[in-house]
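By letter and in written order, the chains are A, B and C; residue numbering begins at 1 in each of them.
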Amino acid sequence: MANAAPSTSLALPDDPNVRGDIVLEDPIEGREPLVRGDRDFHYITEAVCRGNELPLMKTPSTFVFGLLLAFAGFLLFGGYVGWLFWEGPGIWGNNNPVSWAWDIVNFVFWVGIGHAGTLISAILYLFRQKWRMGVNRYAEAMTIFAVICAASCVVLHTGRIWLDYFLFPIPNQMQLWPNFRSPLEWDVFAVNTYFTVSLLFWFTGLVPDFATLRDRATVKWRQLFYGALALGWRGSARHWVTYEKAYQILAAFSAPLVLSVHSVVSFDFAVSQLPGWHTTIFPPYFVAGAIFGGFAMVQNLIIPARAWLGLKDIITIRHIENMNKIILLTGSLVGYAYGMEFFVAAYSGNEYEGFTFINRAFGPYWWAYWIMLSCNVLSPQLFWFKKLRTNLYLSWIVAALVNTGMWFERFVICVTSLHRDALPSSWEYFVPRTEVLFLLGTFGLFLFLFLLFIRFFPVIAISEVKTILPQANPHWEGYAHAKGGH
Amino acid sequence: MSHHIEKPTDITVPPTSLWAKLPMIGGALAVVGLGATLGSAFGHDKARAMFSYLFAYELVLSIALGSLGFVLIQHLVRAGWSITVRRVAETAMATLPLFLVLWIPIGLLGLHELYPWTHETDEILERKRWFLSNGFFFGRAGLYLVGWSVLAIFLYRSSVKIDSLTDMGEKKKVIHLIWKVSAAGIFFYALTQSFQAIDWLMGLTPHWYSTIFGLYYFAGSILAMYAFVSLATMALQRAGMIKKAVTAEHYHDLGKFTFGHTVFWAYIAVSQLIIIWFGNIPEETEYYMARMGGGWEIVSYALPVTNFFIPFLYLVSRHVKRHRTAFAVGCIYTLVMRVVDVYWLVLPSYGAHGEGAHEPHLAVHWLDVAAVVGVAGAFLAVFGWLMNKNKVIAIGDPRLEESLAHENY
Amino acid sequence: MSSFGLLAEYENPAQLYAACERVRDAGYTKWDACSPFAVHGLDKAMGLKPSTLPWWVLGIAISGSIFMFFFQIWAMVYAYPFILAGKPLFSIPAYVPCWYEATVLSACLTAFFGNWALNGLPRYHHPAFSSRSFARVTDDKFFIMIESRDPQFDATAAEALLKDTGASSVEELED
């Protein structure tokens, strides 16, 4: 267990609210301990359950305030959906030729956010990146809520919402099936599969932790609530064998799902013939962007949450730093894709391609393009410096910038490619009308679900984090010493 | 799990093994193969010889370049598991200066035969002149080749240097420098490996363009690298080196990455195909159209099966990845399929332009074999020479112990 | 009330691991170890066979995959042939995404439900839950249960064995 060998015997302060923020040097030998402070199994249980086990009436008022705020956003969302249902998409600024605008921008934005969760829980799991265990539960929850937001955007953008069931291959009296050769139908499959698999994965991971909460419950409702969710889990080794296999399989299948979902979303654009949309790099470029934006959202949520919940020993500055490195990497990949698109538009010798990209950067929507470029490509470059990427405030700000930039990226792709189509007489400038309420509403929905999650669900994978403590290894040298002459 | 793992001592090439003779064997192959190929390049088969040569060059380059990428990534992510096999990749990477020399025939002899843009003209090509011009083309090639060589030599030398260092402070200095250079190097690598693919492969059909093309080459190149490094490591072990240092655990990981990049390659390939097929724009579909006639369609239809479904179903098994012979079969298969893939990238352009232009048709020529023998021979000669010169494992790496004790779970 | 078996409590994974090896070597078959997390290598210490789940997943994923591929062909080419976007009715590239997603979905649903089915969960009642100390199995304690239906079960011998392995307590469970 080289991962857990405490290589730096550096004296860390005892205050758990400070200790987790101390930046340690990158060791060239051994590894930094993942959980700081000499922690035992029970500490992990206590630290994580503490927040969930507060009596309802004693919920801190700041939290209640936040929840109410999010609930207001949620109500806004509900109200907006009602309005949309009643009036139809005419309340949006979409026009001809900009027939896809904020609705799709929001959809792509939210579904992209989800990818970080799947990456952490699946790809980092397969790569045995054990630090992921501190953050995977948050990120997976974020995935699910983000996909709910995304799905609501895409379900609501169809116009006649009550006919959305047409999208599914349901046997019907007309013997008509959805068109499996259409990228939009691929999207239906991709997003539904993604949501289902993420939910199953998340729930599978939660079951042993629900059992922990069940066993500690002192109140009837909590016993029933967690008891029902825990499915009678008793930590049997025979169960763990199958359970771990299932977890592995879910991870193995989610890993290509990280690639496929946003690739399919990118096909919605890329298989058309529209310059600015039709380019072969779209699938990997969208995936990189999705992971990029997703990690930024994880940072935005986790930096305040770890401080607020007092979990700095489990989610240390090293976690934040690692995620910043991923943001740097994926930000640069996105930069590569922007560059490659621009280069090939010039290289192709195709006038339409060339025009689209010049128009992006210098046309009526130049501001969106430069916001995108500076937020997505330039701002993460700060993370080349260890000092900056271990600065919590800066990390949060850059993450917020990245989220903004990623939203604008989708705006640039959708709107600027459409607003100058092949027929100059139909050129039109898109101005949003009520869409901003839609975006705010989805944020309300997202935060409301997320805060409920923090309050009632274990925010850290308790049973997994325990496995990265050195004493989880039955052959840990500490036991050999204790046994002595045995 | 034993805690005090001994450092391996079987870390130099035994003088009696085949490895000691590898430079000679490789050299002989290089002389024969390159002699035949380049000799033909002065006869009436010149065009064919140059296409075969480019194919062989890009094929073997993909291993060396993939190794450069691998080493950079291992340093950047501070990988521990791979240290016992990293030297093999480093040595493959250190052959990059050879490719600087091997490029000369392409630049001096074959430019006219290979790249129609050098002498043809039409409206589209005129618009591309800013990029597709002799001077800029040579300048870029120089930048890539010299840059790779410098980067590879630096990384290789630094790693070898650590072998003999004992002082942790000094090691730390070298390692910190490696980390810094790797960070900048990965950017250089990402751009240059994409642009070499654009210049030397996409340029074969100068009207055609695809933004994903750099990634397509990258996926195949990393895949070939994993297969090659695994095979070379097995060969080292067969010859009695690093017997205990590399275990089934390492092969399991190498196997996972081979498997993963098989999937990644398929993903990139299918992304490009779906977008171009669905878009159905003539200037893009020409690439696939050239591969859909004259026998090439057999390769085109076979590729998804041979390069994806078969290796996917074979390598998905944990037992295959952990079983040396079974995994070796998978690696050899992967390399053979890499040959097919690069062949499919390069050869359909043969004879499609200039005098006597004809529809592409699949016809394997003896020069294809000769060129691969020549370039691979030269590569193996340098690879073998460096393997003999230095330790076959990064013995001085401070994390070696972690890698020795590596377990999958 | 019949006896379900014996429940022994251990303090750490090392003790549990060593004890499991002893119980395994003693030849018991109807027994189990419980821990708050998956202890690495415990399956070997207990002599457990690998899970059969991957085979279920493989089988159902391949079936799902084949089904979706042919379903798309049937629906697009035979059931209601309709040219859209100028694409041929039978166009494999266009079938790839849904085909792929259906494969993943069938595999993941199998992995999820198969996991619970093979483990016999949900099972809301288990004799061990009546033990007070067992509540900490999801926190920081480790347990071994030997069931009385084990053919070679003998209460005194089993208790002696468990005590000898360093159990901090051994108690009897009622069915």
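Here is the rule we go by: contacts are C-beta pairs under 8 Å (C-beta built on N, C-alpha and C of every residue); 3 or more make two chains touch, one makes a residue touch a chain.
Source: prediction; values computed, not measured.
> Would you identify the chain whose C-alpha centroid lies closest to the centroid of all protein C-alpha atoms displayed?
The most central chain, going by mean C-alpha position, is A.
> Taking each chain's centre as the mean of its C-alpha atoms, give the chain farthest from subunit B.
Chain C.
> Using CA atom averages as chain centres, what separation in Å is found between subunit A and subunit C?
Between these chains, centre-to-centre, one finds 29 Å.
> Nearest whole angstrom, what separates the Cα centre of subunit B from the Cα centre of subunit C?
So the centroids are 42 Å from each other.
> Using mean C-alpha positions as chain centres, tell me how far subunit A is from subunit B in Å, no decimals.
Computed value for the inter-centroid distance: 34 Å.
> Which residues does subunit A have that touch at least 2 chains other than itself?
183, 256, 260, 267, 473, 475
> Find every residue in subunit C that makes contact with two or more other chains and list them.
In subunit C, 40, 85, 87, 94, 97 touch at least two other chains.
> Which positions in subunit B are in touch with at least two other chains?
Residues 274, 278, 280, 409.
> Mind listing the subunit C positions that touch subunit A in their complex?
12-14, 16-18, 20, 32-43, 45-46, 48, 50-51, 53-54, 57, 72, 75-76, 79-80, 82, 84-85, 87, 91, 94-95, 97-98, 100-102, 104-105, 107-109, 111-112, 114-116, 118-119, 121-126, 128-129, 134-140
> Show me the residue ranges of subunit B that touch subunit C in the complex, using the header's touch definition.
Its residues touching subunit C are 270, 273-274, 277-278, 280, 409.
> Across the complex, what residues on subunit B touch subunit A?
Against subunit A, subunit B makes touches at 1, 3, 78, 80, 124-125, 127-128, 130-131, 168, 171-172, 175-176, 179, 183, 187, 190-191, 194, 198, 207, 209-215, 256, 263, 267-268, 271-272, 274-276, 278-281, 283, 398-399, 401-402, 405-406, 408-409.
> Which subunit C residues qualify as touching subunit B in the complex?
Checking each residue of subunit C against subunit B gives 40, 85-87, 93-94, 96-97.
> Name, in rising order, each residue of subunit A that touches subunit B in their complex.
Touch residues, subunit A against subunit B: 1-2, 26, 28-31, 126, 128, 183, 256, 259-260, 263, 267, 270-273, 278-284, 332, 336-337, 340-341, 344, 346-350, 384, 473, 475, 477.
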